[in-house]
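Below, subunit A partners subunit B and then partners subunit C, in two separate complexes.
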Partner chain A sequence: MQQLYPLFVAIPLGVAFLILLFPKSLTKLVEVIVAIAEIILLIMVIALIGHEPFSYFIGKWIPPIGITLVSDSISTLLLLLINIVGLLSLLYSFKYMEMYTSKIRFYSLFMLMVAGMSGVVITGDIFNLFVFLEIATISSYALVGFGCEHEELEASFKYMILGSVSSTLILLGIAILYATFGTLNMADLANSILANGINRSVLFAEGLFIMGFGLKGAMVPFHAWLPDAHPSAPAPISAMLSGVLIKACGIYAIIRVVYHVIGMTNITHIILMSLGVLSMVVGVLLAVGQWDFKRLLAYHSISQMGYVMVGIGLATPLGILGALFHLMNHAFFKSLLFLCSGAVEYSTGTRNLKEMGGLFKRMPVTSSSCSIASLSISGIPPFNGFWSKLLIIIALVQAEYYAIAAVTVGVSFLTLVSFIKVQRYSIFGDLPEKLKNIKEVPVLMGTVLVIFAVLCLLSGLLYPFFGNTLLEIARDTVIDQQKYIQLVLQVVP
Partner chain B sequence: MNELLYPVFFTGLFGLVLFILPRRIPFLTNFLTIAGALLGFISALALIGKSGISAGWEWFTVDNLTFSLDFTLTRLGLMGLLFITFFGVIISVFSAGYYANREISRFYFPFILWTVTVSIGIVTADNLFLLLLCWEVTTVLLYYLINMGKGTANAAAGKSFVILGLSDVLLLLGIVIIWVQYGTLRISALTIPVESGLTTAVFIFFLVATLAKAGAIPVHSWIPAISESAPTPVMAFLPAALDKLLGIYFLGLINLSIFKVSHSLSMLMLIIGAVTIIVSVMMALIQHNLKKLLSFHAVSQVGYMVLGIGTGTMVGVIGGLFHMINHAIYKSCLFLGSAVVENRAGTTALDKLGGLARILPYTFISMVIASLAISGIPPLNGFFSKWLIYQSLVDINQPIFLVAAMFGSALTLASFVKVIHSVFFGSPAPGSEKMKKEGFSLGAPLVVLAALCIIFGVFASLPMKYLLIPAVEGSYPQSAVPVASDAIWDPTLATGLILAGLVIGMLIFLLGKFLTKRQAEVFVGGSEFSDRLKPVHGTDFYNTIIDMGGLKGAYRDGEKGTFDIYNLGGRIGNILVQSLRALHNGVLSTYLSWCIIGLGILLFILVR
Partner chain C sequence: MTIYLMCFFLFVMGLYCLIAKKHLIKKIIGIAILDYAVNLFLILIGYKSGGIPPVLFEGMNKQTFSQQSVDPLPQALVLTSIVISLGVLIMMVSIALRLYEKYKTFDTSEISRLRG
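Here is the complex of A and B:
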């Protein structure tokens, strides 16, 4: 397995360029190829679960000289999410993307984005992380504007400007660290920072990283691109962006930098928690007032990432566990919600909740899945969102943050309110006259929705079976900076 | 498997089968529903006398937190269990008949059974975590059941989910705080004195959860909202019966076992109870729709239960719990009666009904009995439990609340006179001659419930002795038990006297028949009664109240829902949302400046 580790980037990257050579007439073949590539990747990740952590030295260059790839439980968790959501979104897009032209380019960009995200989560080199981050985000700029309509291009443009600002700042941060310590290897950097103490240049770089990655992860006040970008993208891409991109490029990068490279400090703890609470509250308040289905969902992504950030910032074992669990659950239910909104748009041609109604009668599969996802995100038992929110709230109360716990609970309630609104106007009620003849989505799309809905239920109920092997060891990895340094440098710091 | 889990198992399993099975053969669906509910009821009956048994296992452990599912059968829980499963049977039988000739979602029957399952979970839970799970699932199931109704059901269902959802998240927060502070969620192991600010907050969270479920002011407004559009059997099942049982069961639990309540919180409950009684009965008086009228009474009656339990005395708590059972019986009888009326007449608007007594005799008799019971007429069950509550209010020396309770009772009678008159007497509604009588599955549940109203009234000492006193005696010193027993009004003797009075009255009436009589034409104000004059309708009498000075404005606001917590919250929320939205003007430079300002603040904090 160790020898195959670079394939997580190599396969999607290779496929992305390879399929561009195919003519349009062979679209079906291309679909088979990308599906097989994704299935292989998924099988590889599943084989990686429970594997001992290891590092892979590219070209046998020993760190800190060469680029190191690191496999530990937190990267495995992210890889798993990327590939589950990736595979299912891909299957969904086979039918869905018939609304657009040049499907092959779409698949190419899609695979490029997967390659970028996989690279971000497996690399052990901070500049390399930046490169993969750019691969993932630049392909996502293109995908957001894929429809080439006025609105989509505008969203893509805004996303690109704000994204480039954040990328520049991240690069500046990397440059500062490199100038100070003369190394780019994250473990080596951590070692140097431990040895020299956290000085002002490190803190300055940390500020740049939190802002830069915070923008990719849509933390308020750096969130403004997301409510335009996520709704404009085709539904499977919205699912990828909200489901995994903001996590891999935002939350994951912050976890790595803050916990493993710089080390968690009290001031960082306060900053991350404030960002989290702010995102949670502002996101949900903006979501409640929306009538555009996808825009509403996009604001909820901000709010839900706030939950994750509160847990990460809390820095207690239970808090981090809750955050990682919520990160995983959010990948499932938010992807499902975006795919449902896509299915509704596919059948009815609208995203405006006011123009829908009574869809349960015509689209039972989509409506039931949407209902399940709504209950999951609102934190209603027995669905997954309930469990992870519960852990975060318990962690907050344990740390005696009663006020923040109350805010968290309140946000959960407002989430419920806004999804009651979604259900009231889309699923229930009377079918409008002009939607009398709509049909349920094709079987493949419906199957994807059902799989996600089942995941939403099982990832809550089956926690005893996977909690330990997937989440709790990922949490232990996050907390243990020493172990990470040891893993890469293979010396005792 | 532990026999304690049989009721949960049977109802859950049959629910699952029904959930998977497509509803092609109505007979099979009905059979399976009734069979599941009956098995649940029988296995609950088999548990009588076995209180104290428990079952449970640890589900999973996260760090040092153990999520476990502990079931135990307390005497209070047994009482809840028996009535929950009993209502499950009643509603399954009734629904089979009610939906024989109308459309309903195929998920209706499994959701009804699952509601029974999770409700059993609540009353047999020995673990607040398990209780919370079941509590929230009842809310979700209620939401979907309401959505199966017609018309504006989606809006009403949304409103009820919002109000109940708010109370559910508060309950969750309270439970988490208890968990962290006391290290256990075992209900039998908790006795928390309400002293500090934190414990008071937790108690209030729990109180809001119970009041919202049961439907007391100010978290009541979902019940009137769903009354007209939700399927009527669902109204009879959940807001009228099960939600009351669950809410008041949990209210009893937090007062008797989980918390030691302080005096000021008792007063709070008494005030909530009294306000609930008066305000909602006033609203009920002016309603023109049978179901909406009943729903306001469903709120009003909760006031009595809260009053009883709020007193904290043994008599009061017994009265509150007994009233909960009695209310479930007569209110679900009334709602089922209105469902029969709706099924046959096609409407529940009081102005369009009339003269149905002949056509629907069983419904008529059952509804009259239930109406008398809810109005607290002796010797029916409602009088008995109200009497206990009055006594407890006298005991704790709170005459104001006593007056409020009795005044509410009088107004209840006034509004049910209107109901009975408008629906069953007066000139027959058009089309009523073609209506069919109620069949077995519609009639039998009504008659059973009405019979229970009489039995629990006349022979009230039986449920007192075997269900209620055992349920609460553990929480009180032994010396309180005989005091409570003394408080019992002896209904059997009184019934004999009342019957004797009726017989004498009948004799006088018969004697009068033999005397000479004069027959005259009907006349109004001296002039002869002609067809030009419209028949006088029951509801019109009550318009006087709306026009009464001082009440007019209050009624207008009440009808508009100005004080409704749902609307108030919505308005405040909207202001917040709109001001935030105004900030998002879509201009890139605004967004960029946020980023730069944010970065500036970050760097300032970090590098200072």
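Here is the complex of A and C:
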């Protein structure tokens, strides 16, 4: 398995370039190729679960000279999410993307995005992380504007401007760290920072990183692009962006930098907590008044990422566990919600909640999976969202942040309110006259929705079975900075 | 020190251009200036006044070589970063052209269908 580790980047990257050579008449073959590539990746990740952590030296250059790839439990968790959501969105897009032209280019950009995200997650070199981040985000700029209509181009441009600013800030942060310590390897940087203490340049770099990665992860003062960009993309891409891109490029990178490179300090703890609380509250308040289905979901992404950030910032073991669990659950239910909104748009041709109603009679599969996802995101037991929110709230109470715990409960209530609105206007109520003839979505799309709905239910109920091997060791990895340094900088024979 | 301050000034100028200008192309130029400022900063990190190229010829003393030669790594980083910003720039210009086709204007205050 160790020797195959670079394939997580190489396979999607290779496929992305290879399929562009096929003519348009072979679109079916291309679909088979990308599906096989994604299935292989998923099998590889599943083989990684429970594997001992290891590091892979590209070109046998010993760190800190060469680029190192690191496999530990937190990268495995993120890789698993990327590939589950990736495979299911891909299956969904086979039918859905027929309303667009040039499907092959879509698949190519899609695989490029998967390659970039996998790279961000597996790399152990901070400049390499930046490069992969750019691969993932550049392809996402293109995918957001894929429809080439007025709104999509506008959203894409806005996203691109803010995205480039964030990349520049991240690069500046990397430059400052390099100027101070003369190394780019994350473990080696961590070692130097431990030896020299946190001085002003490290703090400046950390601020730049939190700004840059916060922009990519749409934390609240930096969130302006997300409610435009995520709804404008085609539904499978919205699912990928909200489901994994903001996690891999935002949350994961913040975890890595804050916990493993610079080390958690009191001031970082306060900053991350305040970012989290702000995102949670502002996101949900803006979401309640929305009538565009996808835009409402996009605002909820901001709010739910706030939960994760609060858990990460809390820096107690239970808080981190809750955050990681919520990160995983959010990937499932938010992808499902975006795919449902896509399915509704596919059948009815509208995203405006006021024009829908009574869809349950015509589209039972979509409606019931949409209900399950809504229950999950609002935190109704026994669905997965309930358990992770409960963990975060318990962690907050244990750490004696009673006010923030109360805010968290309030936000959860507002989430419930806004999803009751979604249910009331889309699934129940009366069927409008012009939607009398709509049909259920094709079987493949329906299957994907059902699989996601089952995942939403099972990831809550089966926690005792996978929690230990997947999440709890990820939490231990996050906390243990020394172990990460030793893992990378081991003496190589 | 002055040159670092000027580099910072370039950065702030790019940021100003990005925020204050309403024209799409001017915004893109702002992004480019921002990129140049960071690239310049990276080059400055590796620079030594009176330094020699980081190539070890026969007969050179390794001790003095390591003291005199400039740091080659930031230059490699800058190359990578230039290629990346080229990619972003092309994306931006092509999207801006498409926007012009749709809206018949480059003015961002008129390109505002997305609200809320």
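In this text, the second predicted complex is superposed on the first by the 490 of 493 C-alpha atoms of A that agree within 3 Å, B and C clash if a C-alpha of one lies under 4 Å from a C-alpha of the other, contacts with A are read in each partner's own complex, and residues count from 1 in each chain.
Basically, a residue touches a chain if its C-beta (ideal position, glycine included) is under 8 Å from a C-beta of that chain, and two chains touch if they have at least 3 such contacts.
This one's a predicted model, so the numbers in the text were calculated from it and none came from an experiment.
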*asked:* Touch test for A:Ile161: subunit B only (first), subunit C only (second), both, or neither?
replied: both
*When the two structures are overlaid on chain A, which partner does A:Tyr402 contact: first (subunit B), second (subunit C), both, or neither?*
first
*Examine A:Ile49 and indicate which partner it touches, taking first as subunit B and second as subunit C; both and neither are also allowed.*
neither
_Touch test for A:Tyr178: subunit B only (first), subunit C only (second), both, or neither?_
second
*Would you check which partner chain A:Arg424 touches, where first means subunit B only, second means subunit C only, and both and neither mean what they say?*
first
*Comparing the two partners subunit B and subunit C, which touches a greater set of residues in subunit A*: B
_So in the superposed three-chain picture, is A:Val131 touching just subunit B, just subunit C, both, or none of them (first/second/both/neither)?_
second
_Going by the contact rule set out at the top, does A:Pro221 touch subunit B (first), subunit C (second), both, or neither?_
first
*asked:* Output check: A:Ile39 vs subunit B and subunit C. Expected answer is one of first, second, both, neither. What do you get?
replied: neither
*Return the residues of subunit A at which the contacts from subunit B and from subunit C coincide.*
157-158, 161, 165, 227-228, 286, 289
*Using the touch definition up top, name the residues of subunit C that touch subunit A in the complex.*
11, 15, 18, 24, 27, 31, 34-35, 38, 41-42, 45, 71, 73-74, 77, 80-81, 84-85, 87-88, 91-92, 95-96, 98-99, 102-103, 111-114, 116
*Which positions of subunit B touch subunit A when the two form their complex?*
59-60, 62-63, 65, 132-133, 136-137, 139-140, 147, 153-155, 157-158, 161-162, 165-166, 169-170, 172-173, 176-177, 179-180, 198, 573-574, 576-578, 580-581, 584, 586, 588, 590-592, 594-595, 597-599, 602-603, 605-607
*Would you pull the subunit A residues touching subunit B in the complex into a rising list?*
157-158, 161-162, 165-166, 169, 200, 203-204, 206-208, 210-211, 215, 221-222, 224-225, 227-228, 267, 271, 282, 285-286, 288-289, 317-318, 321, 375, 378-382, 386, 390-391, 393-394, 397-398, 402, 405-406, 409-410, 412-414, 416-417, 420-421, 423-425, 428-429, 463-464, 467, 472
*Footprint of subunit C on subunit A - complex, ascending*: 127, 131, 134, 138, 141-142, 145, 148-151, 153-158, 160-161, 164-165, 167-168, 171-172, 174-175, 178-179, 182, 184, 227-228, 232, 286, 289-290, 295
